[in-house]
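For reference, the structure I am asking about is given below.
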Amino acid sequence: MQRSNLADLSCEQLNLAERYLQVRQLSDWITQPLATEDYVIQTMPDVSPPKWHLAHSTWFFETFLLVPHLPAYEVFHPQFGYLFNSYYETVGARHPRAHRGWLSRPTVETVFQYRAYVDAAMQRLLEQLPTPDLAVLLTLGLHHEQQHQELLLTDIKHILALNPLRPAYREQLLPAPSIAPREQWLDYAGGLYQIGAQGDQGFAFDNELPRHPVYLQDYYLANRLVTNGEYLEFMQAGGYSQAEHWLAEGWTVVQAQQWQAPLYWEQMDGDWWEMTLTGLRPLNLEAPVCHVSFYEANAYARWRGKRLPTEAEWEVAAASIAIQGNFLAQGYLHPVPALGRSRPDQLYGDLWEWTESAYSPYPGFQIAAGAVGEYNGKFMCNQMVLRGGSCVTPPHHVRPSYRNFFPAATRWQFSGIRLAQ
Amino acid sequence: MQRSNLADLSCEQLNLAERYLQVRQLSDWITQPLATEDYVIQTMPDVSPPKWHLAHSTWFFETFLLVPHLPAYEVFHPQFGYLFNSYYETVGARHPRAHRGWLSRPTVETVFQYRAYVDAAMQRLLEQLPTPDLAVLLTLGLHHEQQHQELLLTDIKHILALNPLRPAYREQLLPAPSIAPREQWLDYAGGLYQIGAQGDQGFAFDNELPRHPVYLQDYYLANRLVTNGEYLEFMQAGGYSQAEHWLAEGWTVVQAQQWQAPLYWEQMDGDWWEMTLTGLRPLNLEAPVCHVSFYEANAYARWRGKRLPTEAEWEVAAASIAIQGNFLAQGYLHPVPALGRSRPDQLYGDLWEWTESAYSPYPGFQIAAGAVGEYNGKFMCNQMVLRGGSCVTPPHHVRPSYRNFFPAATRWQFSGIRLAQ
Amino acid sequence: MQRSNLADLSCEQLNLAERYLQVRQLSDWITQPLATEDYVIQTMPDVSPPKWHLAHSTWFFETFLLVPHLPAYEVFHPQFGYLFNSYYETVGARHPRAHRGWLSRPTVETVFQYRAYVDAAMQRLLEQLPTPDLAVLLTLGLHHEQQHQELLLTDIKHILALNPLRPAYREQLLPAPSIAPREQWLDYAGGLYQIGAQGDQGFAFDNELPRHPVYLQDYYLANRLVTNGEYLEFMQAGGYSQAEHWLAEGWTVVQAQQWQAPLYWEQMDGDWWEMTLTGLRPLNLEAPVCHVSFYEANAYARWRGKRLPTEAEWEVAAASIAIQGNFLAQGYLHPVPALGRSRPDQLYGDLWEWTESAYSPYPGFQIAAGAVGEYNGKFMCNQMVLRGGSCVTPPHHVRPSYRNFFPAATRWQFSGIRLAQ
Amino acid sequence: MQRSNLADLSCEQLNLAERYLQVRQLSDWITQPLATEDYVIQTMPDVSPPKWHLAHSTWFFETFLLVPHLPAYEVFHPQFGYLFNSYYETVGARHPRAHRGWLSRPTVETVFQYRAYVDAAMQRLLEQLPTPDLAVLLTLGLHHEQQHQELLLTDIKHILALNPLRPAYREQLLPAPSIAPREQWLDYAGGLYQIGAQGDQGFAFDNELPRHPVYLQDYYLANRLVTNGEYLEFMQAGGYSQAEHWLAEGWTVVQAQQWQAPLYWEQMDGDWWEMTLTGLRPLNLEAPVCHVSFYEANAYARWRGKRLPTEAEWEVAAASIAIQGNFLAQGYLHPVPALGRSRPDQLYGDLWEWTESAYSPYPGFQIAAGAVGEYNGKFMCNQMVLRGGSCVTPPHHVRPSYRNFFPAATRWQFSGIRLAQ
């Protein structure tokens, strides 16, 4: 796939069949540099083998669209439902998540045959004008596959980074700004605001609904993400060895896991290096700090005498800003110093930004009936909200109201820090 | 201690020395029925041996009041700081929480000597008029000891309930209402409200501050707590074996722990019994369901098509209601059917009520400097807020703005369910 | 590789270069049916990915023969020593065993290049007449590779058997006897015997030395292995639910792992099936019971009122019998009813036989100096001895004195039961 | 109890009722210095609360003697069978071993009432001449209680040693030799020997039977146990950080548990101290090294170029030596430099000596029918044999043929090292 194509793709302007094809092809493009062996392994329970992602997103279309809606459709393989269901209890039993790396079969070749088989059936299904219900399901399936595209790159990075040979996913390095702008504080007036998705303006997940009022007090946001250089100061000041900066749970994790730096940092002969999708690179002090947990983001903010923004504060600031930034289509595959596109900068792209908001239902949130209702609601406990997308987020995937969420100890995601006060 | 004394005790009306004595004596009264052996053991990491509670609350006064403020004070034992510090990193190393049950020494007798030694020194300290700073620390120490009084009873219950002999803590059974009122829905108008403690109206923990506006939509609260009989319907309808009612994390815990009923319920020959502080009793279907986790409260509410209240909704409803109910002073030591004191009933006392609010800092929350700053703020992650006090809460301890908090899987607390919609 | 070639291969009759080639080619033949994906995964810590076995046995030749003995030899890759060292502490740090399945790179293709590179260098090394020291190391390396050939098939079976698709390794099924002979008891006279390897009669591992006298009392051995049908009687009599048959440790494992049958048995619609290297097959009641732990072997024997033989009893009985049986070269890849070659039958081949002997040093055992000394001696604790080879043992690999050893809970090995009394 | 009485007690010379009383009174004497709190706690799963030992040994007499043999006997409490059964599956369900420290009730006072109740009933039972069967069971019960007397002291030491206050069990310190004799080697001729108990010469456990021939080669034993000073040399030479001395399993344990010295050693300001039953004492370099695991014993021996004796070698050397040494009756409660009573010295008393023999059934070993058959046989896997008794072994409890056994990682027992070659 050409990068120019990626940049031009606007899902909303295409008909559904074309959108389907474009999204599906991007998955192929993402996995194209992999060796067969890379598709198979699972380096921790959170990570899924790349071939599992490819098959699971295909299973989603087969299960929720083809089986109920395409007459005479026959499933590709009777056991793929068991193998490639992720967490839908309503749909039936499934292979345990932590054992996805035990499966050498089906082979990668068979998984691609599965994709082609489902794609062909989907084209048949989409030849006639889809009903509104089907359009909703299809759109959900496409956003679902986009989420797995981001996870694919996140998991590929983990798989390659844990390998002592430190192989690169792609070799190219694009030119990027070499200097981050100076830290500044942008102020926002308090008052009653509306947050959440506007039902009539394109796709949104159920967890972004309903739109509702929140009362905010006056607040400030930093103009950009925290940089590696700034985070290194925290480390050099003893940040990882002083309990007073940390949440109690975070401190327990720091000690149990012996964290001393963000994930993927390595010190060699006194110098810091960082594993990236383009291989092991000397740490760029001007680039945003990446692969930190909520605990680390919170501890850094507290050490600075600041805090993280709430998700409402973030959304109010982001609502009026164009959705531009360092996404997958830019091709960096890594956060870069601010590109100067907006104030605040880097709200979109580069890194998912930890907020201090726990992931909770919005007032009036309704869980949909059936398996699709398991998409979001059942995870609303002990997770923190992240906002804004990252350098591996596919085109046209994020919105101001988009709520990503992960447990506070998560580090393998492309996650970073924006300060508030 | 006479129950009439307990009922008359109003902390605010007494001078500090008298308040100190009354609170400290209640700890003695609570532990008076225990055998020496009961003071020593720890039945799970969450539980502390009763003698540890007695020594730890004493250590708090010694460390934060006597050592800095009483000239020439000598600590009772140089290693008690190590043994009886709970979680204050700033104060130094401490004995691991999970190993509190490894300590046969100091003996119970020595712990009571420690209490007497510190009490005598405290009386010397309080002979002169305390400074405002000292009064604040003393008041904090008294509320701290009250929290441990509640934990004492909670932990004593666990210690006795896990013993196959099922011994009773006290034998008396007081008469209580035999019928719970019918479930009704009370409606509350939305709008902008203020929640949090009012700084000028008596003691509050830092986590109740600052008072701040929140916007609420119209909501309904149930007039009373969910009863054992109602919860039993959920169980008989297969509640513990159907994933669709549960948060994903909750379902994992249900399966891993093989939960099939609330904690302390036992089925014998087809009948349900419940372990209480007054021994094993046949389940009272009209009494509130007790010792459920947030996961169970949430699943029950979802099965009913309802939800749990947010902490703001709860506080707004509670703000105008007199703080009366089934507390420790009533002597039931167990939740009872609603006493009919208010509408909604049972907001105060009987059981801590799970809310759907994660425990987060209020806007503008400031962590105090020094060890006292570790009291609340560092736990603001992956815990849920509970409100209203319980049947083992000491007199004059709760307020409308009081925020209790525990992890979602917690069941050994006196926790129950109020529905909202 | 032709099966006829396998049968003709006698290591002792070939020169070293030819022996080297034959052994190495058998590894290729074993892995030839695998898909690339099968080479990569690790289904439990005991299992190694097939490509790891191929690289590790190659590393052995590189490290212990080429580096010290071939002038100007350059290692294939500087990090392969780290990746493919198994447990030689003396040689340096190594990749953790439980994480061998995290390695997608080097690819399978690269591993075969590594093999070819080392094979070429070995041919250069072996062009001149090897010194006696070198011949000893080479012979050790060849027996080492043979051990990994057996492990390859054992691990491939586990990898395929845990896959819900139950793929077959090879499809062919050879004709075998359909009936096991009747159980009979062969008696052996007590007295002073010699066991252990005779230093002057071909290769032996250090743990078979020195040859030494043992005193045996009169004993009986069963004429053949215990069959599936006989073991099924134990199961149907409640064997897995009655503590009295079991060693205390074994009973703990039975309950913790919920064992109810040998590994790889599956019950479908009331019938028992068994996963084999040729796919899922109906259980053959006449074939030897396979993939049982020492605990199960011991419990079965005790239920029968018998016991397992000691390793000395086994060796004395085996010493005078020709080393023939159902080995890898026979092509069954599974135990079959006794072929009637000897009395007792099935001592060699079919299945490794658990003995009641703990794996201990023989009197006068000396650990060799250097890394080669880590081969056997450091495992002489908490393992049980097995004897006789199995249906996946390569040609010319076992001897009467050969001591295999595994922890008592091991089931993925081709292990079975012979009774003694 | 007077120490002179202890020394005079010869079980064989007393009638059974007198023997019963003497053994039972020794348990009282052992626990007399304890505080009530010391009786209750369990500091690791291997350790039992002292009151549990007192009740369990009583339960043994109640269950195996009184219930079947004393007409109209009524058990003291119907649930004590559940609480105080240790591991007899045949007798019924039991309280989990790891949870013995969860039981504050029955109180210590009730446990002593239980003992008195059973003692009174036993006196009634023993008033008439016991049948031979009963005499066998009684003798077994007395040796069983003696084993728990030794465990009582072992567990009391652990309970007190893990307490940061380091309390002493008894304060007295007896004078002992100040210098260990020089290490010497005593040689023993090989040949065919008999080991195991002689059925007609007093009590023996079933695991000592049957007496049988073994063939030994020539061997040497050290004249005394390895001293603290000698072991310290191993430590100072890097013993705990060099893999090459260790069994593979032992090395894994050393790293996982971060062992750097024997259990109960503490380094303060550069000096080594040792926790003993008489409190924390400076390390005595001349006394035998104590509280080492089999792994440490084996590693030390290998570092010295020696080995541990087999149990047969030990027994042959011990058979002709008088059973004298530093036992409980001597009152040291700790190993002391050799008293010079025999050559080799310290075979009996001071410390249990690790052998290199795995704990296996003797040839012809028969498991007794019923619950008593669970006494020994079911533990014959993954344990190592220790010989000779220790400084906390009660009078008249050990024999040359006595086989003690523990897992290789065990350190809380009074275990030490004798070298062989």
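Miscellaneous remarks
As written, the chains take the letters A, B, C and D, and residue 1 is the first residue of each chain.
Rule of thumb we're sticking to: a residue touches a chain if its C-beta (ideal position, glycine included) is under 8 Å from a C-beta of that chain, and two chains touch if they have at least 3 such contacts.
What you are looking at is a predicted structure, and each value in this text was computed from that prediction instead of being measured.
Listing every chain that touches chain C and chain D alike gives an empty result. In whole angstrom, the spacing between the mean C-alpha positions of chain B and chain D is 46. A separation of 39 Å divides the Cα centre of chain A from that of chain B. Centre-to-centre, using mean CA coordinates, chain A is 59 Å away from chain D. Contacts with at least two other chains are made by no residue of chain C.
Pairs of chains in mutual contact: A-B, A-C, B-D, C-D.
On the chain D side of its complex with chain C, the touching residues are 87, 89-90, 192, 212-217, 243-244, 246-251, 294-295, 298, 302, 307, 310, 356-358, 360-361, 363-364, 367, 374, 378-382, 384, 408. Chain contact summary for the complex, chain D toward chain B: residues 35-43, 79, 82-83, 95, 99, 101-108, 159-160, 162-165, 167.
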